[in-house]
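There are two complexes below, and they share chain A, which is joined by chain B in the first and by chain C in the second.
Here is the complex of A and B:
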């Protein structure tokens, strides 16, 4: 389907019309803390002047905690996955790229995660190309781009007075068709501006030499490098909880009387308790070992299992690490 | 410009001091700051040999409290090791960090004879922005309200201009306390709801050195790792109450939090209570042990029986 255009003044009515097509519509709005992804109403003012959401998009499909089964004295029953149609606006291309990675982990011919899969099937992701990447962005070095459409259903380009939209998936094509009354054909000038913006954004993204990382890591298992990188690590989970590709989880049981619930909750390999065994022994008792795990998982094991490096270059871990451990420097050191 | 020049001078003196300590093997390493990877930022750095000191910096972005690294460095090896020697550590401190270090000594987490405390002049720090698009210029509230930018009882003092101590009037806490309980609860819930349970506050806090945090215990599991309100509240209340009479109001927790939770509102309440009820300002008043580690007949008990009273 060729691209279509939407005048900015019609954005609200476009959102209002999608509200009739889905149970929930989410998008970027301003609150006290900045721009956040929130449920929209017909009155919501969308804000597109942000670099990225503080919280990664994985949380929309793989929430930090969710009940997966309920039990009592008679047995246990699996919780049915939530079933509601959702549209999400304003997702950055790095975050949609992360969804294409998580799909490989959670949706498989043999084993699929019903909770993730259901949400993924029921959700339409409208991504927004990045016009002004942040100083901590490095997506182009790691297989992404400010204009990448991977993992998205519809791609939107913000031209100021109007938007250009393009379908990426079949689901996206049907969505644009359903709302075609909202759109007009883009002018040649708009298409030209879109191209210029794309090129300008690409150039603006910082560079890191990352392509050899999986091969380099094979030789770094016992390296003293890990002591050096992990020296100032506090063992908190800011990097992993805010990482769009980190997907480790744990379970705990919430007991009430004779029954209770089994809950799945995000885990972080940087926590000192991450692989602590029942005996008290911990094969990754040192933070150097946990740092190695985090980097190896992203750049070596994922490369081996899925042929992808599980990093999208969003820079969240760089911005939010209390000790400013910079993954770009880690990549550079590994490859040195 | 004048301020920058003075800071550079201070930085030079710091490097000379650290170099000497490392060169004559007084210490095995000096924990200080080096330039951060983002503009207008500094980050923790372990200088292990005399060449490393050239990386040490002192500027207005040295906000982190480096004392948080100390307790782990003095943990004994898990297996007996006859070659083990207790390390000797030099640590660069501001007033608040120094109060933390001396607090850790008092609580027997750090052997005083194995540390060299290098006190820096502090004019207030600018914490790194947690927004990828903006850098902050504002001096932290903790610094504006700091009652003790310089401290006694340290080993080496690097000269320079420091902030004037603020008067601890706890005006914000008094205002908070004057609100009805429902409103205070609403505010508490509003802030705490932002929490993603990443433990950055706990790990950045020098006082959070428990070998196994109550929040990590499994038998019994006092609190789950979920980011649901009941669990998050228990985690924060538990952590905060462990800080009563110990918190030096350095805001390491505030600066570490990726979600921008105003933890200071709550830690300061503890500090104001410690002062009002027990006459203790941790690290400033001359207490042999933290206020809640000791007992006196005339101690106030109203916080248990009638929290609305003073």
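Here is the complex of A and C:
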């Protein structure tokens, strides 16, 4: 399907029309903390002047905390995410790219995660190309781009007075077809502007020399580098919780009387308890081992298992690390 | 993406029998029967696999399956109680008739099918003997034993009271179609058997490595000192199979904690050839 155009003044009615087609429509709106992803109503004012959401998109499919089963004296029963169609607007290309990675982890031939899979199946992702990447962005160095469509269903370009939309997946194509009354053909001028914006954004993104990282890491197994990088780490886990590709989790049981719930929560490889066994043995007992694990998992093990580096260059870990550990510097050191 | 079964929800199993295994009273073998016949039919394990034992309200632990795939109608696990282990403690406090959950079977297995026609050496130490016991029970079954050549078992524990499956050990020692050598680090007044550490006894009995594969499970310290004599006997790192243990949550390669390098012990293991373990060690993992 060729590109279509939507005038900005019709955005609200497009959202209103989407609200009739899906149980839930999510999109970027302003609140006290900045721009957040929230449930939209026909009256919502969408905000597109933001670099990225503070929280990664993984939480829409793999929530920080979710009940996976309920138990009582008669046994355990699986919980299932709601049977609802969801549309998410305004997802940045780095975040949609992370979904393509998480798909490889959570959905495979042998075992699939039914919770993630159901939410993925039920959700249509409309991504928004970046016009003004942040200072901490480095997606182009790591296989992404401010205009990358991987993991997305529909790609949107914000041209100021109008938007250009393109379907990426079959699901996206059906969605655009269903709403075709809202759209018109884009003018040649619009298409030209889109191209100019794409090129300008690509140029704006910061650069790191990252492509050799998987190969370099094979030589850095027991390097003193890990002591150096881990030295200032507080083991708070902020980098992993805010990382769109980190997917480690734990189960814990909440007992209420004779029954209760088994809850899945995000967990982090930066915590000593993550691998500590009942016997007291801990295969990753030192902070340097855990730092190495995090970097190795992203840039070496993922490359080996999935032929991808599990980093999308969103820069969240850089912005939010309380001791200013910068993954771009880590990548540079690894490749030095 | 199609609908799939939920790998996180346990089947219900009832404790049929609890056997206290050792003098320290911290090792018990639990025999479970499935509450639902459908779950039983779906549970087809191979020697070397593990399962998650799931106690609602407490948690889950990965434990190697100690019964043979041919032991029908039940499945057994030998569990060590750790005072700091929530699930092992809760399980040890349970008794016959109690119901828990079981998820599995999980992981890979000893490649017994491809070892047909070979000599098999099984070396075990301490309470890491559980999946080896499953393997021995299987290999000694009618119709299976004759598919393999010589089977030699070397099993050691700290003291006579810490040996697992004492009655079975005695029965195996009486059989003429296997060689069973049991040793303890330190004997007691009643012990008439062999005394000596597993690696030392291994050198003494010196089983032939010709057309043979060794399956070895034990505490890390035993493994460390058992590998050199095995290689001196002529076993190549590819012909030594061992099993790893790690803390696990999901058991299906997603939760991210049981990896050694790029391999998940739950999904790519727990069984690895020693050549792979050496590779992990060489990389400092």
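To be clear about the criterion, the second predicted complex is superposed on the first by the 335 of 336 C-alpha atoms of A that agree within 3 Å, B and C clash if a C-alpha of one lies under 4 Å from a C-alpha of the other, contacts with A are read in each partner's own complex, and residues count from 1 in each chain.
Note that in this section contacts are C-beta pairs under 8 Å (C-beta built on N, C-alpha and C of every residue); 3 or more make two chains touch, one makes a residue touch a chain.
No experiment lies behind these values; they were computed from the predicted model shown.
After superposition onto chain A, partners chain B and chain C are found to sit side by side with no clash. Using the contact criterion defined above for the overlaid structures, shared-chain residue A:252 touches chain B and also reaches chain C. Look at A:304: by the touch rule set out above, it reaches chain C but stays clear of chain B.
By the document's definition of touching, of the two partners only chain B reaches A:136; chain C does not.
When the shared chain is aligned, chain C comes close enough to touch A:120, but chain B does not. Least inter-chain distance for chain B and chain C in the combined superposition, rounded to the nearest angstrom, is 7, based on C-alpha atoms. 250, 252, 267 are the residues of chain A that lie in the contact sets of both chain B and chain C, per the superposition on chain A.
Of all residues in chain A, only 33-34, 50-52, 54-55, 64-65, 134-137, 231-232, 234-238, 241-242, 250, 252, 254, 263, 265, 267-268, 271-273, 285, 315-316, 318-320, 322-326, 328-329 touch chain B in the complex they form.
Chain A meets chain C in the complex at residues 68-69, 71, 75-78, 105-107, 110-114, 117, 120-121, 221-222, 247-253, 255, 259-260, 262, 267, 269, 274-280, 283, 293, 296-297, 300-301, 304-305.
Every residue of chain C that touches chain A in the complex is listed here, in rising order: 1, 3-10, 12, 35, 54, 56-61, 82, 84-88, 101, 245-247, 249-250, 252-262, 267, 283-285. Looking at the complex, you find that chain B touches chain A at residues 36-39, 41, 43-46, 64, 68-69, 78, 128-133, 194, 196-200, 202-204, 216, 221, 224-228, 255-256, 258-260.
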